[in-house]
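Below are the structure tokens for one structure; questions will follow.
All chains are identified by letter, namely A, B, C and D, in their written order; residue positions are counted from 1 within each chain.
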Amino acid sequence: MRKPSLTVEIAGLKLKNPVLTASGTFGFGAEYTPFVDLNRLGAVVVKSLTLKPREGNSPPRIVETPAGILNSIGLQNPGVERFLGEHLPYLRQFSTPVIVSIAGNTIEEYVAAAEKLAGANGVSALELNISCPNVKQGGLQFGVDPLGAAEVTRAVKRAADLPVIVKLSPNVTSITGMAKTVAEAGADALSLINTLSGMAIDIYRRRPVLGNITGGLSGPAIRPVAVRAVWEVYRAVKLPLIGMGGIACAADAIEFIMAGARAVAVGTANFLNPRATIEIVKGIERYLEENGIGDINELVGAAHSF
Amino acid sequence: MRYFPAVEISRQEKLAADCYRISFISPEIAGLARPGQFLHVRINPGLEPLLRRPFSVHAVNQRTGEIALLYRVVGRGTRLLAQKKKGDLLDLIGPLGRGFTLPAAGQNVALVAGGIGIAPLYFLLQTLAGAGNSPDVLLGARTAGELFLASEVRELAGKAAVLAATDDGSYGHRAPVTELLAKLLAEKKVEIVYACGPAAMLKVVASLLEQYGVDGEISLEERMGCGVGACLSCVCKMRDKKGQDVSYRRVCLEGPVFKAREVVWQDFG
Amino acid sequence: MRKPSLTVEIAGLKLKNPVLTASGTFGFGAEYTPFVDLNRLGAVVVKSLTLKPREGNSPPRIVETPAGILNSIGLQNPGVERFLGEHLPYLRQFSTPVIVSIAGNTIEEYVAAAEKLAGANGVSALELNISCPNVKQGGLQFGVDPLGAAEVTRAVKRAADLPVIVKLSPNVTSITGMAKTVAEAGADALSLINTLSGMAIDIYRRRPVLGNITGGLSGPAIRPVAVRAVWEVYRAVKLPLIGMGGIACAADAIEFIMAGARAVAVGTANFLNPRATIEIVKGIERYLEENGIGDINELVGAAHSF
Amino acid sequence: MRYFPAVEISRQEKLAADCYRISFISPEIAGLARPGQFLHVRINPGLEPLLRRPFSVHAVNQRTGEIALLYRVVGRGTRLLAQKKKGDLLDLIGPLGRGFTLPAAGQNVALVAGGIGIAPLYFLLQTLAGAGNSPDVLLGARTAGELFLASEVRELAGKAAVLAATDDGSYGHRAPVTELLAKLLAEKKVEIVYACGPAAMLKVVASLLEQYGVDGEISLEERMGCGVGACLSCVCKMRDKKGQDVSYRRVCLEGPVFKAREVVWQDFG
């Protein structure tokens, strides 16, 4: 039997396979090249960029929790300019599409960042991070306010001639509501989910562990919440979905795909196993072979028709 | 830097209450490792603990390719690590980070270790001794029991002075090890100081170095995610060369060893 | 040094210690008496009751996830009448207050159930479960709609002369908003959190694992989300808080107390260790002794003043 | 029912591919356990796996107080259980649930086991044999390799007939074990049938019993949380005595053994 097809299409982008990197967990790609051949990934999603550089939150910025981690990086990033000058050229060597995540405090910032990136050669799509729980203003406010989310989406679509993927926050009453609003606003695809808002306390020092007090929960612990979000949004909107949240192995990835994700992103698992992305690509291929499935697309949403 | 998913443990030795030395054979790591670098260790394959744990390369036997890590049990991960036995497997990434810049031949060097801070300095001492440089070594600990490596250090240090201090006076001088450093700097022309230990101690070391205008490098610790520079979890605030604008730098990539004068101490203990 | 004081007061109820059982995880108390002396608990919170008996959802009703479980019991319960006849008399033998959790599809059902229970001897307080994610209508709808939540609270307060504890859902954009609304509506205390909405898919059978498709996520995995909820609500309202979500040992309980919980409830952990509640009581006492703290109340919210 | 937080494993035997028998000494459990009851096992103290796993009491040695569980590796928990060694500790609650109602002296009894379903029936057979009752035993399995207990069963069954069937015919009749039962019921007056195995098989057993008007008890499986009746996770749909209104009953408390005619099968397979 010939090898099954792993290629998927997201927002007009043809991807070799459905395995992406989750923004903020894979740096700008180069950090993982000692372990991973970037050419074998579906796409590289880089750390969220803001128009101007950001310092981020004060440490500690990470703490381990049961089957998860809390982080409060606070969008530390070099800004769009330096990304274009220092990081994008390196990524251009690879045949893998580069998806650039952008964040901001104001619509204007999103738009300005988007325009600069749209002009650059080697940026395949934009992911709007409107759901970062770790920055005081901006970030999450758009993520939990449907109007704000729609407005950012519309503005960026107008400003940049690139596919726009909107990344949704799980910290809302109705993620399907958010999904519908940004879909109507012109989003080409949706990423879900970003981290859950959480915190940890050091009972010996009697204070929050994180310098920022609260942080974003990620890792296997949140997988059931993420799978549910993908499941519900798949039924609510027609857009292609990129599922993420606790994916650590191929079986996890397939769970998201059957829930309705056309692609998946691997985040926290990179920290545990630097080759997680590649192993998941291989594992999905093996599953397809073992189950006589010729094309990954046959599995997208498969669990809805049981 | 490489990924070693399955390295077999060759030895697990309990050196003192809560202090262990774990060893494994890896000529590759032995060949790559530089003093001050660390390994990012996945203690168990499952989810307990979830994150890797960073440990400095403590000792390297170039002949046998055996690497040792020295660690203190302080929480869940190290407790699980201490349960590992000869023959069990470890999952390692490394060697990682920027190590110590070695001194020029014949420079006067001093090493200052606080408690488990001896871990990376021992490998540095091995390297210096190999290059014929015998630095002064200042060892600090809470009690005599924690100076378990003093004799091995003496052997390595050769003709150089090895001074010890304990908080409770149970061995050597009853003083913080930083007092020994103050004395040394006052009495002798030291050109470079290498230090590792609790943040509070390093802070004092840094101010002494400034006071005496002596160069120094220190090894810092911060909580890590990836260990390879991708997640920005492990940052510490640093001054740039000119001592002017401050910015966050990654302990796992730009560190763990930094110039003493670069560190902005407000962030610590 | 004399033994530290563990007694706390919640909504006028004096509790021997701050350790309660989480509704639905401890049955009606009798199930755990082979392992636990109910007299040593702060209070027993029983499985949620509805006015009429409920059959619940079709199995499977439980699935394990990383550091957590998903359940979709669907409020199976014998109804208020049979509880009063078959279960309450047994609980009356103990000196420990009994808190009865009630749920319903309509305000009228809540009110009717509350009236019946208020009349009974041996019911110390009511907990309003307006946050069960596992029932089609009712349950969660009140939990995510501030107006509905306020209305239920007001109606039950009017109907029953008992302390009313309102249990909040984490599946909302703003749990502090919900807290403020029900506080204004007259709630005497708040319990938080109920389970997070989630799901799991069996990738070999290509279908959701749970008969109900989605379920509620509980256990250690959700602790960071629960601690954050308690932390935020503590700053938003003055009501006493009962914290729960992944508490498995005394250190976990103390984390909630320092975040602002005056009492805690143990749920999923009972399944792992049938003596969890008692061990947590002992562990808290030991912590107080070791840290020279004379009264548990000194720790409530302690992490806010670091 | 009691809580046994630390019972030492006395034996871990691999009986076939994926099939193990794990034993421990506990005179208390030996004294309390009745055929058909189960133990709720916490495999590891940490969070992996999180929930307990239910296993039927498979064999009891009243003299030595040794208890055996028979299990097949089907997932994470049983895989971890199979890694346990003599001397390791298990955390148990039990014996739990309602077991088989024993037959009156001299009643004609048949046992029907599908695959690992032999687990509880073996203990029942021990008990019946002890009471001088030697039932017919029908063993079904996918292949000969899974009939690893056949000889031990023969010994226990004494003069009674032990028939085996395999799906692939590699041992005994090439047929589902339910065909053996049909044959038996047609040829001989059986008064009570006890069965355990896959839901699909039990479903057929139940309909055969109905057809022949024979009483039977079957042991069911459902995913569990607490194991003690508190969480309502483990329910199966059952008819009441009069076969009229149906309701959910807890496998952990009202079961795991139910009258064959009570079960509403729609929920299965």
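Definition applied: contacts are C-beta pairs under 8 Å (C-beta built on N, C-alpha and C of every residue); 3 or more make two chains touch, one makes a residue touch a chain.
All values reported here derive from a predicted model rather than from experimental measurement.
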item: Intersection of the contact lists for subunit B and subunit C; value: A, D
item: Intercentroid distance (Cα basis), subunit C paired with subunit A, Å; value: 34
item: Distance from subunit D to subunit B - Cα centre to Cα centre, in angstrom; value: 57
item: Whole-Å separation of chain centres (CA-atom averages), subunit A against subunit D; value: 47
item: Intercentroid distance (Cα basis), subunit D paired with subunit C, Å; value: 36
item: Multi-partner residues of subunit D (at least 2 other chains); value: 47
item: Touching two or more other chains - residues of subunit C; value: 66-68, 219-220
item: Chain contact topology (line, ring, star, complete or other); value: ring
item: Every chain pair meeting the contact rule; value: A-B, A-C, B-D, C-D
item: Sites on subunit D touched by subunit B in the complex; value: 46-48
item: Touching residues (chain side subunit D, partner subunit C) in the complex; value: 1-3, 42, 47, 49-52, 93, 222-237, 247-248, 267
item: Residue ranges of subunit C touching subunit D (in the complex, touch as defined); value: 24-27, 31-32, 34-35, 47, 55-56, 58-64, 67-69, 71, 73, 76, 219-220, 268, 270-275
item: Residues of subunit C touching subunit A in the complex; value: 65-68, 70, 144, 171-174, 196-201, 203, 205-208, 213-215, 217, 219-225, 227-228, 231, 246, 251, 254-255, 258-259, 287, 302-303, 306
